[in-house]
């Protein structure tokens, strides 16, 4: 069902955990639907220097969170915002069709975290 | 499908063949329906002393002809007339339900042969 | 590997494999008249007798099918006359979906509710039966939460009202007594691959005198109720499996109960967890838990990584996103329903395996809770 | 034993038996998420790919069923919209019976006549197609008389009129080319036990984009078109059998043709006998004869006594009293239709066996004619 990359991220999640000193936090999803993702970002000079996340959900949701965190760490906010659903799926070596929604959820959580950071900065 | 007795009569039909010097002959059935039986009887003093038959039909039809010929040889016409469908089936150790009609056919041919004999004697 | 997913399917046992391998030699078509055909016919009819003994019915009441799903479909879609149909709200999809098809054909279908343990109340069934009710379908035991229904009482209600009762006994056959006559059931579905038999074969008990329309028509096999060349080797294997399961039922079920009870008590110690289904009226081999704040699929996969094979809900709905209709029917909150894990024991399982499964579950639940944004509350 | 009833069923070949035995080890439920389930899923999907290669279609176009009968039932009863349906008058009962069910559901069903060889005329099909025709069902080769239809021409007619074509290829798959795309077929039925695979498994090719309703609903397996836990070991065995049959098809069919031609010439020397079906456009393994003045069933049983396994008409109608609808459709007189015997060759048969079968037939026909009241004329 899952690619080896998905299973790898599921087994060994990268950047997993809460960032106590996060600059921005964003949550997406609803436990009622079975998936909730929370992204934490630490930003310096417009760059995401550290990422953290917490996820309630299936293996795909966990792997997607892990993958996205890896994809954006070290990237500018601009670049991070440009990550697409397809890019995450590709990064993971593909996702089963019924699991594609996980990528939207992850991007939504990330965007909320960025927004949260930007609004706090104002 | 068939009992051992049916198969035995099918393999080794008793009294099979035309009786050239028959006193009575009777035919029942129709090739269109897949079964035709012809009975030949030789009668002395009201007794069937010899029987012959020819049958076009399935194994059950052949076995039924053979069994009936055995059952009636040496019997009086009276007794022969009293043979029932059930008696033949029993004699054969049972017949599959869809083959029961063979016993009617055999009895019909026999009765026609007896009638043929009786009418010829008049 | 510790296999704890016997409700999904079971490995074929040695004796059955031997019977199947032997049956592969009997290769004739049971409908052929020649000696090879006769041999195949005999193998099928002997198997029918064996299965009939296991179900305490007559061989003429056994219709072989391709499995539990076909048996359930035949029981429902085979109804010859339109009317009102009652199905419990926790039936297997292979009953619920055909019930949906009946609605499209002009039947009226209502769902019988269950209590928080998943139990159907026979009195409720009596109340719901109408003059035009033609069938009640209640499963013997639920494949997810393991709750065993009071089928005899439900059967009595149906009999008293002259309504047919269909019982999906796929999960109970070989584990607890399945006696259609004592149940007052008219139609009973069973499946081979749940009792260490080959996949792709099952049967429907059709009580003498009950009229059904065939679902698969053609050559007229199974007395016209199920056409198609008989799956000879599958049927032989199924009969063997049924014979063994019923013979060993009492001792094996007692053994499984002990393992199950240890599993339940072990898993109950995990904080924020609870057992689903009835604490007593449950399958001897089923333990079904919700672990709050984690999602079942990831738990299943992580347990699989540890060599422990379990399921979320039923196997066939594993790939869906909706939480189980069974868990919803017993009143679970959706977020809790997502966190369910089913353990179903079987022949090969030992006490040591159960202990390992408990430990592994503790670890996995803890790990997933660390990852989860919910800690101790939603 | 000389088995000449390969159209009824075939023995499972060694390679298939090995594949099946191995597949019994893969016991998980393909719908289970854990490692055991994943293995079973992989086995099913690999088999689907193998079968797709054999049918030159894509794996998504293969729906596994419990056999040819279910495939045919699904193709017909699965039609989503009412309309006019054409079926040839010599279809297998598993097409004709479902066609009858469609009539009860408001479809209009007409039978396409055949000529004295059993051939359907594509132009006749074109004439019979109406604006509201939704499906044409013509079998690739007839299971009794072996006549092979001009399916490509019929397919072209259907394609030109935008009508779906169903082809029952149960008797041709593995013997002559079955290429749904070249046939212009939308639905194609195949069965495992006719090609040295296990009984109880088959498949329906469903062309991409063709909509069908499921016959068995439930867990949603086979992309919703056929629910029920997959018959993993059966599917693996079927795929193996298909792979081998297609790989060996050319050489084996040429070998069978030679045996068949010898059989036909040998049997033709029996007085008052004639070949049924087309002299050239016929299955490589089929010889079907009428022997006048004798009845087929007794010939079959007497040949069985001599160790020769053959059939009257089709296996599944062997227990009926009616003469075959196929022989009636090609214009045989009833009394002649009763005297038919089918010889169908296969892998294990040799030239010596064919000679023995000819000799045995001569003896048996003579013996039965001695018993018969008809000598040389009706």
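Chains here go by letter, A, B, C and D, matching the order in which they are written, and residues are numbered from 1 within each.
One rule holds for everything that comes next: a contact is a pair of C-beta atoms (placed from the backbone, for glycine too) under 8 Å apart; a residue touches a chain by one contact, two chains touch by 3 or more.
These numbers come from a predicted model, not from an experiment.
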Requested in this report: Pick out whichever of the two, A-C or A-D, is joined by more C-beta pairs in contact.
Outcome: A-C
**Report entry** Between subunit D and subunit C, distance of the C-alpha-averaged centres to the nearest whole Å
**Finding:** 34
Requested in this report: Using mean C-alpha positions as chain centres, tell me how far subunit A is from subunit B in Å, no decimals.
Outcome: 90
Query raised in the report: subunit A to subunit D: how many Å between their CA centres?
Result: 55
Report summary line: subunit A and subunit C have mean C-alpha positions lying a whole-number Å distance apart equal to 40
Report task. Among the residues of subunit A, pick out those that touch two or more other chains and give their numbers. Result -> 1
Report task. Give the residues of subunit D that touch two or more other chains, as numbers and ranges in rising order. Result -> 33, 297, 301, 319-320
**Report entry** Contact pairs between chains, per stated definition
**Finding:** A-C, A-D, B-C, B-D, C-D
Query raised in the report: Across the complex, what residues on subunit C touch subunit A?
Result: 293-295, 297-298, 301-302, 305, 319-321, 323, 333-335, 338, 370-374, 378
Report summary line: Counting only contacts in the complex, subunit B reaches subunit C at residues 1
Report summary line: In the complex, subunit C touches subunit D at residues 1, 3, 5, 8-12, 17, 20-21, 24, 27-29, 31-37, 66-70, 72-73, 92-95, 97-98, 100-101, 191, 193, 198-201, 215-221, 227-234, 297, 300-301, 303-304, 308-312, 314-320
Query raised in the report: What does subunit B use to touch subunit D in their complex?
Result: 1-2, 7, 10-11, 13, 16-17, 27, 31-38, 54-59, 61-62, 96, 98
Query raised in the report: Which subunit D residues qualify as touching subunit A in the complex?
Result: 33, 38, 41
